[in-house]
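Below: a set of structures, written as structure tokens.
Both complexes shown next keep subunit A, but they swap its partner, so subunit B is in the first and subunit C is in the second.
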Partner chain A sequence: MNKRKGRLANLYLFMVFVLLYLPIFYLIFYSFNAGGNMNGFTGFTLEYYQALAEDTRLLGIVVDTFLLAFLSALLATVIGTFGAMMIFYTRGRKNRNVLLSMNNILMVSPDVIIGASFLIFFTVLGISLNFLSVLLSHVAFSIPIVVLMVLPRLKEMNPSLIDAARDLGATNWQIIYKVIIPFVTPGIIAGYFMAFTYSLDDFAVTFFVTGNGFSTLAVEIYSRARQGISLEINALSTLLFLFSMILVIGYYFISQGNTSKKQKSLNKSRQEAIDTL
Partner chain B sequence: MTKTKTMYSIPYILWLLLFVVAPVLLIVYQSFTDIDGAFTVGNYGKYFTSSTALRMTFNSLLYAGIITAAVLLISYPTAYFLSRTVHKQLWLMLIILPTWINLLLKAYAFIGIFSVNGTINNFLEFAGIGRQQILFTDTSFIFVAAYIEIPFMILPIFNALEEMNPSLISASRDLGANTWQTFQRVILPLSMNGVRSGVQAVFIPSLSLFMLTRLIGGNRVITLGKAIEQHFMVTQNWGMGSTIGVILILSMVAIMLLTGEKKRRKGGNRA
Partner chain C sequence: MRNLKVLFVGIIAIICVLFVTSRQMRTSQGHTGDNTLTIYNWGDYIDPELIKKFEQETGYKVSYETFDSNEAMFTKIQQGGTAYDLTIPSEYMIQKMMAEEMLIPLDYTKIKGIENIDSRFMDLDFDPENKYSIPYFWGTLGIIYNDKFVDGENIQHWDDLWKEELRDSVMLFDGAREVIGLALNSDGESLNSKDDELLAQAARKLAKLPDNVKAIVADEIKMYMINEEASVAVTFSGEASEMLDNNEHLHYVIPSEGSNVWFDNIVIPKTTRNIDGAYAFINFLLVPENAAQNAEYIGYSTPNKEAMGLLPEEIIEDEQFYPPDEVINHLEVYEDLGVEYIGIYNDIFLEFKMHRR
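The block that comes next holds the complex of A and B.
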């Protein structure tokens, strides 16, 4: 590629990044606007952050949202990890593929369908719509991603580790806790992170299965945005953006261990291919 | 091991039965009930004879198609150029980062940008064109939906391009192909799998978006998702809502079959 083309490519990438980040920085910029709207910047102020700090209802919702994400990710990780083990140790490729396809149904379903069908499900069972129904839904749609994060680690594990543990007299549960779980931990952590963000990100499912008593941030913003603009929301987005940055950086460092190993095995298999040629 | 396996499998199997199998069966069952809960096929009859419902479905598919095409047009070059940069992983992280910001917050930002007194209109007035109605138009809906979906298209295409063996490009050059021929005959066909999964990842959610139709589209565009939400949350006609839900599921399956990975010959191209 010659220099001129390279420069055009970089310009194009630069434009895409500007497009991707402009709305986010727009929100952040106007959170400091004394003018009270997102139309013209009239002066610097922190009053919306102060208003946010005094808005106990909104802060309560933020706490609830994070609590929900924390709990649902935790439960989904436990169930999903054992689910991945179940799929991995199922005999027969065909059976495994059937289980995996069923696992992926909720991954590909539109969230409106998940929300509507869960709403019918809770109504049929007579479960009232509150924190519990939202929590159950979030656990339910987070399980498949945990399974997908843990499965590759199980595949990487050397099966003779389990034979060795059994020869040394370990019981089944000891094998699980002392051999399998420690080995797949990077996958479990990645799964937890993904489940956490799925929960934080969700709007549609929560919108369907939540009742009057419980609200998450996304649902609250939806109802506030319909009434127009309030810069408190901007202040909140700024804080959430910073939080996401921290999460992403944390995730990046954790997944580094994962990818470098994957990279290594990829390089190794390439080397083997070259050797055989 | 079998007994232990049964023990630890119980929660996962319960999840499969209660939250995967049961909801699908329930939504299909519900689609055959009328507003009082009695069995009927009337919902389907009403759906297939109502011109508004059919037009709504067609429009929803059309808009999803436009959104997907726009996203693909922007994302393919992005993924292609990204796969040729030096710090790929870092740039990729920067593409993913906006997806961690809640969808509603991004929609909210666009309400500010597009509003009558918003930034774009200020610019238009400054440029002498004058203020336009931007928010609550079809264009703004397509723009914001495309904006939200872009990262989900870039990722699979980028991965497909990364998986490609770079020596194939050198080989094509050595055999006398120019840049365009190499792209057309080698790079594009080999990245089609990424494009297919990208199209799936964008088209299906575009059919079901419902908060954007309200906040950005001003309910001018009715997607399948919006219709379902209306029937469930506003008119309380769950039977009809479920019927449209089943239609949405069927269109999803159709899209997946259409864009599904073609059976590839094993051990073909890669060394």
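The block that comes next holds the complex of A and C.
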């Protein structure tokens, strides 16, 4: 009975993954189609990858998009980490909840509204729409995600660690750098990757604030789709999919490195305790 | 902590590399200061070779940006914060932009080659005397059919859409002006009619159509017709030319009793920072060789009559896209009906869409 249940569960899991991945593989498959459209596979070609390599405008946009994602995620991580600490160490439950709710409101409010309000905000301030305006808005909408990733780690932390550090004469800065940040590192890394992916695939907010020769991949693909998506876009999506797979694997190794080291030190201290006994 | 440091140093290194690459790509394309011309156009709506040629001929560097709808373009320019030197809206949007004073009147002393444009496409209602705009491409609304399923002889007029044999096989374009316009046209009336009696009559006529309608869709028509999911559709000539390229059984007909003619015109918005460059580009596009090359690439109908002489005969003699005069004379531009009648048109269309079979 149990075995059968397990098999059914596996089948269900398998179906879910098939449903999730099929469209992506469909798209990848047709990026090699010599026929020029997605209606039928007529032969294998790398023509679209070649066309992609020659499309300097599109490649420039890819570079800009990644630059934007890396940079905005970095800034958002720095600000968000300190923001999480600020929220966590705010005195009074009520104040803390108010701050946290203000953070969460930004998480749940629709991108379109955030984008439109940024557009109005930038034009009122006279900031012209270019890389800077997109960067600022991406940092802004990434911060709440980082806060939410870091906060749980802070909650897990034993408060007596800080008391102990203070007893041993640590200054506030030392407490942050030597105690808190090392402890919440996994949260920070997770926050960075979340902010990175949010920035990479955001369309709605970016759509409003791009301009003056600066555009991101999502906006560009959307504009091109009017004429029917060319297989060049399929080729590009394939490369991006490979890239995100590398990203996931990289993230796995980084987080794996963290835990194994922790385990090692844990084992070591256990060994030492046994030795002294 | 060390982990985090390594990660962040790595990320900063990546950022630096990307930044330098991005800079280099930009300077290698020659974008420096005030020689940049920013063109805001529909996606894939110019032959990229022409942009290269323009850059070589004039020394300007083109920054090409794209939009997907007139409304998106309008909002972007109206909000400010952009520096577009040229844009190419459709005729109704030009009217709206004129009303909002977003356009710069053209200085005809700086424009060479305007005489190349066919006079039939100049001085139209939406922009009298072409004070603000110059035609870029034009096209029509018509019927596309698949000769595998229907006999072309039977699909020549709007009235044919009501024929019994087309039961459940017509796709309509999802637009109030288009659908009500074709009902008005089918009775020989103007598609800009503001006569309540005629509109009511059109609504009654439309009420008989739903049995034949398979779907009311927009851009998807292209895909469905190429894949032969429907035998007849109402669509624009620009879309039709692309469908014809992909499926040889398709044919496009402009009903001779009248239909819509649309224009995409070049305008200079007030956000321009390089007005000389904008004029240089307009002049460049008016050169017959360039207009012909562009028309061959895009597949829409060019208004440049000198360019038509340079196009292959099979394109020029194709009545599907370059209809004879007697058809053109029956074509009308959508006029701005005013808020009240736009509301009435939308109501009729909504009622039509909600019709139950």
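Convention: the second predicted complex is superposed on the first by the 229 of 277 C-alpha atoms of A that agree within 3 Å, B and C clash if a C-alpha of one lies under 4 Å from a C-alpha of the other, contacts with A are read in each partner's own complex, and residues count from 1 in each chain.
By our rule, a contact is a pair of C-beta atoms (placed from the backbone, for glycine too) under 8 Å apart; a residue touches a chain by one contact, two chains touch by 3 or more.
Just so we're clear, the structure is a prediction, and the values are computed from it rather than from any experiment.
The superposition on subunit A brings subunit B into a clash with subunit C.
When both complexes are overlaid on chain A, the residue A:106 reaches subunit B alone and has no touch with subunit C.
Once the two complexes are laid over each other on the shared chain, residue contacts for A:129 go to subunit C alone; subunit B is not touched. Using the contact criterion defined above for the overlaid structures, shared-chain residue A:164 touches neither subunit B nor subunit C, since it reaches no partner. In the superposed model, A:59 makes contact with subunit C only, not with subunit B. With both structures placed on the common chain, the touch criterion links A:119 to subunit B and to subunit C. Applying the stated contact rule after C-alpha superposition, one finds that A:172 touches subunit B and leaves subunit C untouched. By the document's definition of touching, neither partner reaches A:46: not subunit B, not subunit C.
Residue contacts after overlaying the shared chain place A:222 against subunit B and subunit C alike. Judged by the number of subunit A residues each one touches, B leads among subunit B and subunit C.
Clashing C-alpha atoms with subunit B appear in a single stretch of subunit C, chosen from 222-230, 258-266, 276-284 or 348-356: 222-230.
According to the touch criterion, the shared surface of subunit A, contacted by subunit B in one complex and subunit C in the other, consists of residues 37, 39, 119-120, 222, 225-226.
The touching residues of subunit A, counted against subunit C in their complex, run 37, 39, 56-57, 59-60, 63-64, 66-67, 70-71, 73-74, 119-120, 122-123, 127-129, 133, 177-178, 181-182, 185, 188-189, 192, 211-213, 215, 220, 222-228, 230, 254, 257-258. Against subunit A, in their complex, subunit C makes its touches with residues 1, 3-4, 7-8, 11-12, 14-15, 18-19, 21-22, 25-26, 29, 31, 36, 38, 42-45, 63-68, 76, 79-83, 219, 222-223, 226-227, 242, 246.
Note for the complex: subunit B touches subunit A at residues 1, 3-5, 8-9, 11-13, 15-16, 18-24, 26-27, 30, 74, 77-78, 81-82, 84-85, 89, 91, 93-113, 115, 117-119, 122, 147, 150-151, 200, 204-205, 207-208, 210-211, 214-215, 224-225, 228-229, 232-233, 238, 241-242, 245, 248-249, 252, 256, 271. Interface residues of subunit A, counted against subunit B in their complex, comprise 1, 9-10, 12-13, 16-17, 19-21, 23-24, 26-27, 30, 37-40, 78-80, 82-83, 85-86, 89, 102-103, 105-106, 108-114, 116-121, 124, 136, 139-140, 143, 172-173, 176, 197, 200-201, 203-204, 207-208, 217-218, 221-222, 225-226, 229, 233, 237, 240-241, 244-245, 247-248, 252, 259, 273-274, 277.
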